[in-house]
Amino acid sequence: MNDNAVEAAIAAVRADVALLHGELVRYGLVVWTGGNVSGRVPGTDYFVIKPSGVAYDDLTPDNMILCTLDGEVVPGTPGSERSPSSDTAAHAYVYREMPEVGGVVHTHSSYAVAWAARGEEIPCVITGMADEFGGPIPVGPFAVIGDDSIGRGIVETLRGHRSRAVLMRNHGPFTIGVTAKDAVKAAVMCEDAARSVHLARQAGEVIPIPQEKIDALYARYQNVYGQQEDERR
Amino acid sequence: MNDNAVEAAIAAVRADVALLHGELVRYGLVVWTGGNVSGRVPGTDYFVIKPSGVAYDDLTPDNMILCTLDGEVVPGTPGSERSPSSDTAAHAYVYREMPEVGGVVHTHSSYAVAWAARGEEIPCVITGMADEFGGPIPVGPFAVIGDDSIGRGIVETLRGHRSRAVLMRNHGPFTIGVTAKDAVKAAVMCEDAARSVHLARQAGEVIPIPQEKIDALYARYQNVYGQQEDERR
Amino acid sequence: MNDNAVEAAIAAVRADVALLHGELVRYGLVVWTGGNVSGRVPGTDYFVIKPSGVAYDDLTPDNMILCTLDGEVVPGTPGSERSPSSDTAAHAYVYREMPEVGGVVHTHSSYAVAWAARGEEIPCVITGMADEFGGPIPVGPFAVIGDDSIGRGIVETLRGHRSRAVLMRNHGPFTIGVTAKDAVKAAVMCEDAARSVHLARQAGEVIPIPQEKIDALYARYQNVYGQQEDERR
Amino acid sequence: MNDNAVEAAIAAVRADVALLHGELVRYGLVVWTGGNVSGRVPGTDYFVIKPSGVAYDDLTPDNMILCTLDGEVVPGTPGSERSPSSDTAAHAYVYREMPEVGGVVHTHSSYAVAWAARGEEIPCVITGMADEFGGPIPVGPFAVIGDDSIGRGIVETLRGHRSRAVLMRNHGPFTIGVTAKDAVKAAVMCEDAARSVHLARQAGEVIPIPQEKIDALYARYQNVYGQQEDERR
């Protein structure tokens, strides 16, 4: 890519990531300045992430922060005078270790956090979960900010797993996707599943779905659902 | 009907179905691109349904998709370059088998899904349910996308039943109505009932309503409620 | 009152009642066309109520319906071509029997309906309830539409009671107030109390408030709270 | 400070406090006219608080009420013709006793009230609570309006405590902060924690977080989170 193409790619991801934060608000996945979306800049070693502690109403393409895959802010670029999200190291770790990932999202959405506080995976008892996650939503290890342990926990849990969502224990969900939009969709669907299955179990026994049906639903959804380019890119 | 009348009828249903999707959003029955509304074109062998995987904000009369009662997209019509909702076959089956049905709605609304995941019908313990559904909201069989089994499950459950809503097991609610609007109303009232009865039972025993009272409430509501033409058409 | 004064009073109540329905929507107390607000026209034998089966978005002063205290639509007045709310007889009964009441509200708000489905009064375990209702929110009898039994149940339960809200069994809340606005406030606070106390009890034992503290809170709130004329009129 | 500087400081706090009430509405922490925010005027012996019983839609800088640290309205200032919030004495007590506090917030948010009605502190089982509150959210004594007992209960509970939120028993949360905005953030995060931990416990055992991890998370968050000046001032 020449410089112009890189600039254009960065600008597109800045616009995309800024806008996608609005979906976290729309679906009630975040409060105050919590939560964050990032997107890899295709064809480069950069990703774009939300600044730390800035209100959702104030997010714009120009205050999104451009980082290297080591999680360092690229100096002299728009937004670089601010600190990036305090979860930047975790996002960077995922981008380094999982080249197929184009977007990462983190929230403290209430129902997903509730499962995480018990360290309990969400069983796949509704067809919408089978479609989207192909099985249960798994729990990752307890890890605190300060080194690579959150990123490592995400990658160890999701590598080779069908699920694009992991419930980090006592913390909350991280989701990945082929694009930032796809990771945001996973965050929305993760909370929706967490809520429906929570409600289902509150009132009695849930009925399992046979594994071969889960497999069939997942296979179909990955291949035929939606207008593919709109959905994921 | 002459061609102009058919075109006008199709245009009216396109406008109606596009707009009615907004009610699913307003009442929180859907997230992302999940859920779908369809409406039969009166006097024809067509129905109009949502495209697959398109955001609710982007739905317009012209990207609604016109289908035959076999669930095939009518080529060359507006929207026909896209895929219809992945639930199109189920809608088509209902229209073929139940000529009195003018609208079909499907959502994954959380409380209704919770009952569906337990395979448990919603008992009729509030007068609002007696009015609207005339008794419990029944559970349909477990069925997966790929053939007519979802459509068949809906029809077998709702044919001859007072309820316009069925909870497909481990999946979610499908509702029918004399028009698309009437089916949307049933989807809204189904989730409302699912939620109220869930909450009621969480805290203790609910009091049954005598069957003759349910019958009387249902009879009255079907005959005298509302400004009839506004309500259902 | 001369004719002009009566007309002006009717116009004011029409405007007030039309607008107040928006508060039911804002606080999520109603879905679709359910729920209704009415207001007595001061100094007359009339009240104004919502038409039956009309969408909340479409309510205006001119489609509110003027009724006599017998619940009959006044012919030839704006809105009189439509049917009034199917709960009109209950509102009328309250206005006839309780001259101090200036407004009546009915909803199917979810948490209040949940208590009603169990036929269980809401205990006064939070100071906000003591302020507003002066004790528990009582349950009224099971009664169905068709005669005066709903109105009678409301009046028998609330006459001489501190509470302005009654949970009609298996049905939902009715609230009264010195004005329509005051009755709407009672409906909002009733659902808020129903929700908070439900949540409290879901997780363990609630601590009672001593009766003399409830009495003191209620006495203070009735006398000194708010900018009196704004609050209630 | 000269008179102009005092006037400017008062005007800034009036604008801030009026606007911040919108956050209580946005996050669903209040209904009707319940709840209140106040802010100390830096460098003076005044604070600004919401009027009593005025709708959230109608709050403006000019109807906020200027009070002395004794909780008396300053005569002749904008808004002084109205009564201040009925919780003014409690706010004043906090400002007198805790000079480091710049803002106080009170709500009846549902999940926090539910814990308060049981008199049960919220255990710190999610990392977001460790960050924000550094441990459990404590319960304060039962106290009723009429003297300094609410203010005293707040101060006795929060003095020397990491938490900026206290659940006053059978009543609801009060929060403090270095600014009004910081106290509003605490109110938002308090309800969020109350909700997540409620949901977690409804479905089973929650996993404790080791105390040294809580300490580390709290220490980090207080020192490095966010764009400091935006976040707290």
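For reference, chains read A, B, C and D in written order, and residue numbers begin at 1 within each chain.
Everything that follows uses one rule, which is that a contact is a pair of C-beta atoms (placed from the backbone, for glycine too) under 8 Å apart; a residue touches a chain by one contact, two chains touch by 3 or more.
Keep in mind that this is a model prediction, so the values were computed, not measured.
Asker: Comparing centres built from CA atoms, which chain ends up most distant from chain C?
Answerer: Of all chains, A has its centre farthest from that of chain C.
Asker: Over half shared numbers or under half: where do the identical copies chain C and chain D land at their interface, same or different?
Answerer: different
Asker: Using mean CA coordinates as chain centres, what's the chain A-chain C distance in Å?
Answerer: 45
Asker: Just how far, in Å, is the C-alpha centre of chain D from the one of chain A?
Answerer: From the centre of chain A to the centre of chain D is 32 Å.
Asker: Which chain C residues touch at least two other chains?
Answerer: Expected reply: 202.
Asker: Write out all the pairs of touching chains, ordered by chain label.
Answerer: Those chain pairs satisfying the definition are A-B, A-D, B-C, C-D.
Asker: Which of the residues in chain A come into contact with chain D in the complex?
Answerer: For chain A paired with chain D, touching residues are 31-34, 51-54, 82-83, 86, 108, 110-111, 113-120, 142, 144-146, 169-172, 198, 201-202.
Asker: Going by the contact rule set out above, which residues of chain D touch chain A in the complex?
Answerer: Per the stated touch rule, the residues are 27, 125-128, 185, 188-189, 192, 195-197, 199-200, 202-207, 209, 213, 216-217, 220, 224-228, 230-231.
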